[in-house]
Amino acid sequence: MSYVRKLSPLAVSVRHVLLMTGAAVMLIPFIWMVSLSLKPPQEIFTINPSLFPKVWYAWENYSLAFKAQPLLRYVLNGVIVTLTIFTVQVLVAVPCAYALAKLDFRGKGLLFSLVLFCLLIPPQVPAIPLYIAFWKLRILNSYAALILPFTISVLGIFLMRQFFKMVPDDLIDAARLDGMGEFTIVWRIMIPNAVPALVAFGIFSVIAHWNDFFWPLIAIQDHQFMTPPLGIMTFRNDEAGNEYGAIMAAAVVICLPLIMAFLLAQRRFIEGITFTGLKR
Amino acid sequence: MASVKIKNINKSFGTVRVLESINLDIEDGEFLILVGPSGCGKTTLLRIIAGLEYQDEGQIIIDDRSVDNQLPKQRNIAMVFQSYALYPHMTVAENIAVPENMRRLNAWQRLPVVGCFIPGTAAVKAEIQQNVIEVSKSLGIEHLLKRKPKQLSGGQSQRVALGRAIIRRPKAFLMDEPLSNLDAKLRVETRAELTQLHRRLRATFIYVTHDQTEALTMADRVAVIIGGQLLQVGTPKEVYGDPQRLDVAEFIGTPKINVLPGIANSKGLIESAQMVIPLKTNLASGEEIKMAIRPESLEVTDNSEEPQWRGKVRHIEYLGSSRLAYIGVQGLSQQIIITFNSNNLRFNINDLIGIRPIVNHIFLFDEKGRRIKPVIEQERDLKYE
Amino acid sequence: MSKETELTSEDLSKQRQSFIRARKLSVSYLAYSMSTPALVLIMLVLIFPVLAVFGLSFTDWLFGAKHLNFIGIKNYAQMLGDRVFWKSLSNTLIYVGTVVPGSFIIGLVVAILIQSSTSLRGFYRAVYFLPVVASLLAMAIVWEILLHPTVGLLNLFLKNIGITGRDWLNESSTVLMALAGIGIWQMSGFSMVLFLSGLVGIPIELYEAAEIDGADSAWDRFRTVTWPMLGPVSLFVLVISAIRSSQVFDTVKVLTRGGPNKASEVLLHTMYTEGFAFMRSGYGSAITMVFLVFILGIALAQMKLLEKRTHY
């Protein structure tokens, strides 16, 4: 519950004015992106632009976007890569988080310190050696190259451990008394009770890896493996800035999946992210 | 149902000694309550019996077999936790079914979708479901089977926790302060229900509480654990009326027993606050003892009767059926509490009255807190002269 | 006690000790088996590569070359003498120093405004968070048009109120700030959401007590209750935004390529250029090490300095 006092009508209006102005600034790029994707070139590079296209150029822009490059393939790659990454991350992180949260073993403190330390390592630091290693293993330019570096998510381990720690020990004792083994406990007790944490974990992971540009830029050359951001950039470079309408159309297409998912599950999204990070 | 023998249990956490040489034989079908002030000892003992903690020394024997090398789930006991520990993501029916599912279905049969296809699973599941319904009916919660724990009240949650324990038909029921999360009125109602449940199931109940009222009203026998030591085991009557240790006398009984200093005189009688109590002991002259007398065991004397303690009424508490008076007696540092019935006596704050203990009801303890039995030659000895 | 009984209780004790040991061991093995995959991956994908980067930074290896020589700290010396490196470092500092406070303040103000009344909360939350969800790369290309000197909406709007807009992305004096602006646009939503959760966690009783004590104007409430209670969240937001903004890359690579004249060159872009465009793995690794130290430094410095002030 948050503290809400009765605001005077003036205050309410001021609040809306301020927030609306900010909202406009936040939204203008999106609105403009859609608007440009519907316009012909002469309406894009004009000093007298209007919100709605005078000439409806949607078909041309969008069909060029899909024809000039495998746009759908890029989106598909995005889906394959982010889902695979997240699945592997969960399978690796959850048991480890449970062990750190609820079991006693030698080296537990060391392992957790290692996890905390790794949280501070930016993802781009291992890039050069990983590139060299993948080159030697001949797996550059493939799904493996896109997925393998991200199979471990220390953030995921951290989030899940914090959440698992909040599950009462009594519950786990009762489960042990009832005959559950430790892996059963993880599957039947910890995970169902940690759904918000899993959602947050999923959101971080999917957003981060769908939008990741740095590593795919380095690791991928072939169009067939490109992820959405890489695809867009290649398209734009190929077009040398001529067919801006089509570039915008492509941009709309690759932003759409995450935005749709976000709007549909908005509450879960935001609850998930904020719910876990700060409960110590 | 089974007997539980606790032999010489010792347990320390780090440098803190939590249980010291606990020896206790609990009989098959008995309702035994471990009672004592809030602290780690009693619950630790319960968890050791369950196998959730390990003792440093000593043995636990259930049904004449040592269980020390057995995992909790192998000991065939059920535990009701203070927090009830209901699985929040499962319905009441699913919660109660968990122990049966674990016991009677193997890992393959328990798989979410695939399990149903294994032959025999459906029959076992149906049986379990039947058991769940029976158990929930016996506890009056069959209308709650589809609810989730967060939709239940405290009393309902407790019954579900009981249901989960009952369905296992365990050798013994362990209960860790099951009433402490309920409000006062519900606690009184549930006390009676638990006692009746015990009678109906004819099961061994080992129950932990810090509330001595619960211990006295519910138990067949009470085991008083204070400071990690088992001070006395006995029926509620014995523990209340014949305490062997001063700590026991002080812990059991509400309002708290009055404890006064006393000294043996040259005749071996006890003197306290300048009054001679006609209790003969074998103590040497000048030895100091402690005298304990319950509030209901003090009588108000006519001002002319001697001997008596004279004191001022400092405070009166109204309890409905009786009253408590706090008397400040000359020569005593603490106030004496007496219970009295308003029908017989009337006095007010600041009145000067005389009181004296009923001799048969006095408990004497040495300086180590151990009970001293007075030497009683004749009935006559116990009257004031 | 007879000798027999004494032996037995000793035996029992030994038996139980070994049982307890066996139990502890089996729990340990279980815990190890649960954490081994994670540990192995951490080693393979994080720790060894970081060590490799460290090692490589002392070599002169070019990608694909047959030979590798240890050249000590020559790479670092070269870096220290390289004008581009220093520009890159200072640009990154300026960028972080602009984006972090900017998104912090905007995020905080927006969160407070949103929470101050119930109307349209969901709408505002969604709108302000949207930039976080969208692909920065795609949005960067949109911003390119928005910031275009002649046809971009920003300059057209400024023209309407009588200001002549500049060529934001192509003038060395404005390019870094323009990128910082895009960075603030993108990160404010994230800070906002963290502050929202912090605000929701403040007990109402504190505000009520403040009201009774007479601290009941908006500013007083902020100063006596809101701001102190947001301590831990604020620290978290600062550290996270500092780390994230230090990793700026997408906008630079796509919009300015570090130009004009290195005016928008940033650490990660320099690392990319050296390590993957010029294929100078040794030198690139040295820059990576600096990048790592930069981020660790910012994070740890903030935590050390501010941890004291947020504890209550």
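Here the chain labels run A, B and C in written order, and each chain numbers its own residues starting at 1.
As a working rule, a residue touches a chain if its C-beta (ideal position, glycine included) is under 8 Å from a C-beta of that chain, and two chains touch if they have at least 3 such contacts.
Computed from a predicted model, the values in this text were never measured in an experiment.
J.: Based on which chains are in contact, what kind of graph results: line, ring, star, complete or other?
T.: complete
J.: By number of C-beta pairs in contact, which two chains lead?
T.: Among the chain pairs, A-C has the highest number of C-beta contacts.
J.: Determine the centre-to-centre distance between chain B and chain C, using the mean Cα coordinates as centres, and give it in whole Å.
T.: Centre separation, chain B to chain C: 56 Å.
J.: Counting only Cα atoms for the centres, state how far chain A is from chain C in Å.
T.: About 15 Å, centre to centre.
J.: Can you list every residue of chain B that touches 2 or more other chains, as numbers and ranges?
T.: Residue numbers touching two or more other chains: 71.
J.: Two or more other chains touching the same residue: where does that happen in chain A?
T.: none
J.: For the complex, give me every residue of chain B touching chain A.
T.: 50, 52, 71-73, 77-79, 81-83, 85, 87-89, 98-99, 102-103, 107, 164
J.: Tell me, which parts of chain C touch chain A in their complex?
T.: Interface residues on the chain C side: 24, 27-28, 30-32, 34-35, 37-39, 41-42, 45-50, 52-53, 56, 63, 106, 110, 113-120, 122-139, 141-143, 145-146, 150-151, 153, 156, 185, 188-189, 193-194, 196-202, 204, 207, 232-233, 236, 243, 246-247, 249-250, 253-254, 268, 271-272, 275-276, 281, 284-285, 288, 291-292, 295-296, 299-300.
J.: Which stretch or stretches of chain C touch chain B in the complex?
T.: Residues 9, 12-13, 15-16, 19-20, 23.
J.: Show which residues of chain A lie in contact with chain C when the two form their complex.
T.: Residues 1-5, 7, 11-12, 15-16, 18-19, 22-23, 25-30, 32-33, 36, 44-47, 49, 91-93, 95-96, 98-100, 103-106, 108, 111, 114-115, 118, 120-133, 148-149, 151-152, 154, 157, 182, 186, 207, 210-211, 213-214, 217-218, 228-229, 232-233, 236, 244, 247-248, 251, 254-255, 258-259, 262-263, 266-267, 269-270, 273-275, 277-278, 280 of chain A touch chain C in their complex.
J.: Would you tell me which residues of chain B are touching chain C in their complex?
T.: Within the complex, chain B touches chain C at residues 8, 54-55, 57, 59, 66, 68-69, 71.
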